[in-house]
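The first chain written gets the first letter, and so on, giving A, B, C and D; residue counts start at 1 in each chain.
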Amino acid sequence: MEQKIKKIALLTGGGDCPGLNAVIRAVTRTAILNYGIEVIGYKFGYRGLYNNDFIHLTLDTVSGILHRGGTILYSSNKDNLFDYLVEENGELVKKDVSDVAVENLKREGVDVLVVIGGDGTLTSARDFARKGVKVIGVPKTIDNDLASTDVTFGFNTAIDVVTEALDRLHTTAESHHRIMLCEVMGRNAGWIALEAGIAGSADIILLPEIPYDINKIAEKVKEREEQGKNFTIIVVSEGARPKDGEVVVAKIVADSPDPIRLGGIGNKLAGDLEKLIKDHEVRCTVLGHVQRGGNTSTYDRILSTRYGVAAVELMIDGKFGEMVCLKGDTISSDSLENVIGQKTKNVNIDGELVQVAKKIGISFAE
Amino acid sequence: MEQKIKKIALLTGGGDCPGLNAVIRAVTRTAILNYGIEVIGYKFGYRGLYNNDFIHLTLDTVSGILHRGGTILYSSNKDNLFDYLVEENGELVKKDVSDVAVENLKREGVDVLVVIGGDGTLTSARDFARKGVKVIGVPKTIDNDLASTDVTFGFNTAIDVVTEALDRLHTTAESHHRIMLCEVMGRNAGWIALEAGIAGSADIILLPEIPYDINKIAEKVKEREEQGKNFTIIVVSEGARPKDGEVVVAKIVADSPDPIRLGGIGNKLAGDLEKLIKDHEVRCTVLGHVQRGGNTSTYDRILSTRYGVAAVELMIDGKFGEMVCLKGDTISSDSLENVIGQKTKNVNIDGELVQVAKKIGISFAE
Amino acid sequence: MEQKIKKIALLTGGGDCPGLNAVIRAVTRTAILNYGIEVIGYKFGYRGLYNNDFIHLTLDTVSGILHRGGTILYSSNKDNLFDYLVEENGELVKKDVSDVAVENLKREGVDVLVVIGGDGTLTSARDFARKGVKVIGVPKTIDNDLASTDVTFGFNTAIDVVTEALDRLHTTAESHHRIMLCEVMGRNAGWIALEAGIAGSADIILLPEIPYDINKIAEKVKEREEQGKNFTIIVVSEGARPKDGEVVVAKIVADSPDPIRLGGIGNKLAGDLEKLIKDHEVRCTVLGHVQRGGNTSTYDRILSTRYGVAAVELMIDGKFGEMVCLKGDTISSDSLENVIGQKTKNVNIDGELVQVAKKIGISFAE
Amino acid sequence: MEQKIKKIALLTGGGDCPGLNAVIRAVTRTAILNYGIEVIGYKFGYRGLYNNDFIHLTLDTVSGILHRGGTILYSSNKDNLFDYLVEENGELVKKDVSDVAVENLKREGVDVLVVIGGDGTLTSARDFARKGVKVIGVPKTIDNDLASTDVTFGFNTAIDVVTEALDRLHTTAESHHRIMLCEVMGRNAGWIALEAGIAGSADIILLPEIPYDINKIAEKVKEREEQGKNFTIIVVSEGARPKDGEVVVAKIVADSPDPIRLGGIGNKLAGDLEKLIKDHEVRCTVLGHVQRGGNTSTYDRILSTRYGVAAVELMIDGKFGEMVCLKGDTISSDSLENVIGQKTKNVNIDGELVQVAKKIGISFAE
């Protein structure tokens, strides 16, 4: 049965993430070296599948990419072929073009489609599976917020980057007796803030899961002063919000005559704190995209490689419609039908990690 | 003559900067090991001198600090004892309290004061020299904009941090075909942007010294597309400005009911470019204080150590009122009277480095 | 019951390991901030306990050490108080001095002893537990070879260092068409070689668990040449050995008139390969102690902090004689009686990681 | 006149060095973008020139290589076409085959040959210049021992790597009260040891230029103990030697039945010190090839880019037979006739850097 797989295709969708190239490399090498399978890669995720825009993936193509961030297949953020913007009769309309994709796969003789992506990208993967396409999913998010897998690649690299930045901010905070905020990624989940905050010796961590009370921040600053510590490091998740307020998302005010882009929650909080606490300077650093680029960490290189090999093994075992995942330290899989639609995995505010943070004196300003 | 120096004091002023601790260590070790001089350090720059708030610097105190960013003596940004905010009769008034400082130095038996700082801090050093205090200056700025010295410590570390960030932004820009802006420090001088831009493989560098034409940015983006490069990396100096506009400085709008902190030139330009160029996403990262904190680079550790040793040698040679500097690769010195008031050292727009950048195809959007 | 713990003592034994300071910090902060427990730390492991040589551990003492390698309590490698070298009547004799240690603990009013160490150190911890001392163990080894815990801190930092070295060796190997060997730590277990080999894109990995056939190495080199790859990266575990030979341990030949220190297996193999393969240069790098020093990785900082907090929670729960461990991603504990004497955890040669390595084309030269 | 240059060739010779790719990129981009010159690159240095084995260098070929160590043109260490090993009548003989190279250049229409290399490689470049070939030289060595230029690229990266290793060794030395030796590259010049030793906070630096007295090492160790410092970090240049002895070079004893490769001076000294100093463990780390591989430092990326641009400008100005160099911070050039045969640039034992090291308490064990 398995012998029938002669050709597979890969695509990467959603925001880029360290480890994507490592998965591409592992899938390609495993398929070619062990099973003589031909491998192609669609460019820009589903858009490439729609346009039949692909490259051949050989041992040479994937040489030297293990450690490199980004994806050699490129990615796009929003393309959903089941609801795709196309031009018809001179007008832009949204329609289901998934049949075009299925046709392209057939024409190229692709037996299995390996989809590496986050929630949105994998939802489409499930929908293609429902249409009869043999699909294998590989989960991807630096935010670590997928319920179906304990850890995703990219997350460890992200917290490495944030932790190094916190190390840097410490010296300048200490020298100037400042309050330093560092806004980090994570969308509606606080994993990056929590783990990097513990590793980077933060004094206060603000999570989406625990709305903050700004007065508790001021109390912690004062408490630290009384202990002879005249600086405070605060890690703010981009999805954090005050108890009595909303999430503030950075945005462009395009019509504004004058200044232009408004900061997110980190900058808002910096402003609020400057008004509340008079005897400290407050500074905010928004790390932004440096968190998701650059060299892949050792941990993520290994995890991505395991995911890539497992994806091929799943197809060899005929387990289509499944997604690779990690449970504890064991690679396993789950069906895309189960996985899609699951609630985002949020930080358990009664869980071990939050308790650990509290025990060593980190405040959540709750 | 030299034998008369029995005790010296150190202070650090202005923004913190990698290498400060290395200077403190080198001064302390050289003074103690070679000349049996006692060393103290005032805390928080001139404020500590005014309050007679100091610590003893011994071989133990300066052990293990060579590589650490920040300053173990702390720093403050704005304290000028010749125009100092003090409370008098319940009111805050500004007055010249430099005599208090001179008294403190006398009472502690300090023979020489070593001042490590930037323009403002060294201006006060000169003024103390005019009052008869034996002063030695050591220049400090990550911006590398002092006319009196070819290179200052902290600059190499800053461009290391920016270059690493640019490396990271490359992979994500490339994967998504984005325009990535990275706003960097440097005040009114473009050195950090220029050198990190060259090292980090930027496509466009925007300097304070060369006002930019936004249409030239769009042209460069298009030109790159035609070469098959669908992403563009732009390094923006915080002091850059459009040909027909002003510098935009990030600021807090404290009275704003709603959003809060307005971005600087990087974010403004991101907004402008999103309006001008429709088929690319634009993202801006503002590196902020990570540029001036953290571990000191190898280059800066050596330069700072040379500065520190030279500062002690100057005083042993009786050359008071002088500032250590680097000319070519040679340590020398110049009088504070000459140095203070010199124009900021800006990027020479006809100089070798700008020419090198242009020759390898970097655009300045002029 | 728990309220009775008023004072605890820490000690670190065996080879140093990134994360030791993070454990010390977490234990100290958790004990002081949550339970008002006083904390002291014996210097140089059991030797300090014997000599009653300790320091007080306060919030200040453990400030700024989270990321630092090594141990602020110092360590010694071989001191076993149950078989300790002491001078008696002018002669050095070995005897059981554990009663002295028990006395010292009593005199200082130490309620619980937290022992951080590897096999040997924890064996003594068990023996003290048998004597009635309330002991909590924390496992430590960069080699990751303890059966009782899935992961130990220090291991991730070690593979980070090795992986970065492999990244560096790649460029020089590729430029010169060389065979590059890199000898890494791990004692009789191949974990460091295996994981760093996967992450660092090794072509051949030699493990203690899989004796190597040198002809298979030559075959792999030839196979790579035929694929147009004229260089080969080999990671050699220090405990690796040829099928027909012994482990070669680096050693000093003190009596040798001439040269002096003989290399280990890496250098032996380099010599053997130069004889066997004529058309490639062979170079060997022995990473040595850089693998166990320096800044602690993000992953290890978090894991160590969890271990430290858990150690205090164990004692609060009255679970003496237990050792903290990690199962999957869950912190738990096991009794020292169970743990000690367990066989070293070796690489499972049929396990997932070895299979992953083989699937992507890594040879074990078996 | 300059318009006549239509095609140029590049080659890299000698040991690989971070920055080679940056030079290749800068030459290629400058030539193509500014002067429409076609660029080819010979593979494996002169060997490729002899075999007419080359690749075309385009904007695409040199994309993404700025930061990468090694050389995309490969290198070989020993090929001298003026005394080249060729097979003739079934026998290997050495003969002058430089005419073949000249013929190849003519046949390909190469107007100018850019040679990037060290002493040996540039000597051949001069010899080709004497034969009428239009040659431009670019100096390369991580050892920084060329008299004709103040700094060479690769050197800064090398001292970065060594300094980071010394940072790592510090924590383990301190934890165990050890004497740690670190043997570094540099051939017969001590620059790497000297600068990395200062930056990495070494206690003793052993240079080829200052033969060491082992008793002075022991004295320094004792002196540190008396100051409460129970560990000592020694940086040993591979070319260092005892006052009464020879340089010990690591070598393979191929005929040895048993172990195989004998260590160099670092390991010899470790052996000697273990005999001399009884109460400290001694460990030696030989950094080896990690010093010359991996990512290129910021400083070296900029310097290499300047060299590459300058090489093209030299040819445009018709200055053939010249070599690019750096004097102070100014790019200039010198004739290969002058440069070749100059004595190696050794550390000036009375110069500023050695004095700086001594002033801060570093011993040279002289």
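Methods note: a contact is a pair of C-beta atoms (placed from the backbone, for glycine too) under 8 Å apart; a residue touches a chain by one contact, two chains touch by 3 or more.
Source: prediction; values computed, not measured.
Trainee: Any chains in contact with both chain B and chain D?
Mentor: Chains that touch both chain B and chain D, as defined above, do not exist here.
Trainee: Measuring between Cα centroids, what's the chain most distant from chain C?
Mentor: Most distant chain from chain C: B.
Trainee: Taking each chain's centre as the mean of its CA atoms, how far is chain A from chain C in angstrom?
Mentor: Using C-alpha averages as centres, the distance is 32 Å.
Trainee: Can you give the whole-Å distance between the Cα centres of chain B and chain C?
Mentor: Their C-alpha centroids are separated by 41 Å.
Trainee: I'd like to verify one number: the distance from the centre of chain C to the centre of chain D, where each centre is the average of its C-alpha atoms, in whole angstrom.
Mentor: Spacing between the chain centres: roughly 35 Å.
Trainee: Could you tell me which residues belong to chain B and also touch two or more other chains?
Mentor: Answer for chain B, listing residues that touch two or more other chains: 167.
Trainee: Please list, in label order, each pair of chains that touches.
Mentor: A-B, A-C, B-D, C-D
Trainee: Give every residue of chain D touching chain B within the complex, in rising order.
Mentor: Touch residues, chain D against chain B: 25-26, 29-30, 33-34, 59-60, 63, 66-67, 150-151, 156, 159-160, 163, 167, 195-196, 198-199, 201, 227-229, 297-299, 301-302, 305-306, 308-309, 312-313, 327-331, 352-353, 355-356, 359-361.
Trainee: Along chain C, where are the residues that touch chain D in the complex?
Mentor: 15-16, 18, 20, 68-71, 74-77, 161, 164-165, 167-177, 180, 248, 252-254, 259-263, 267-268, 270-272, 274-275, 283-290, 292-295
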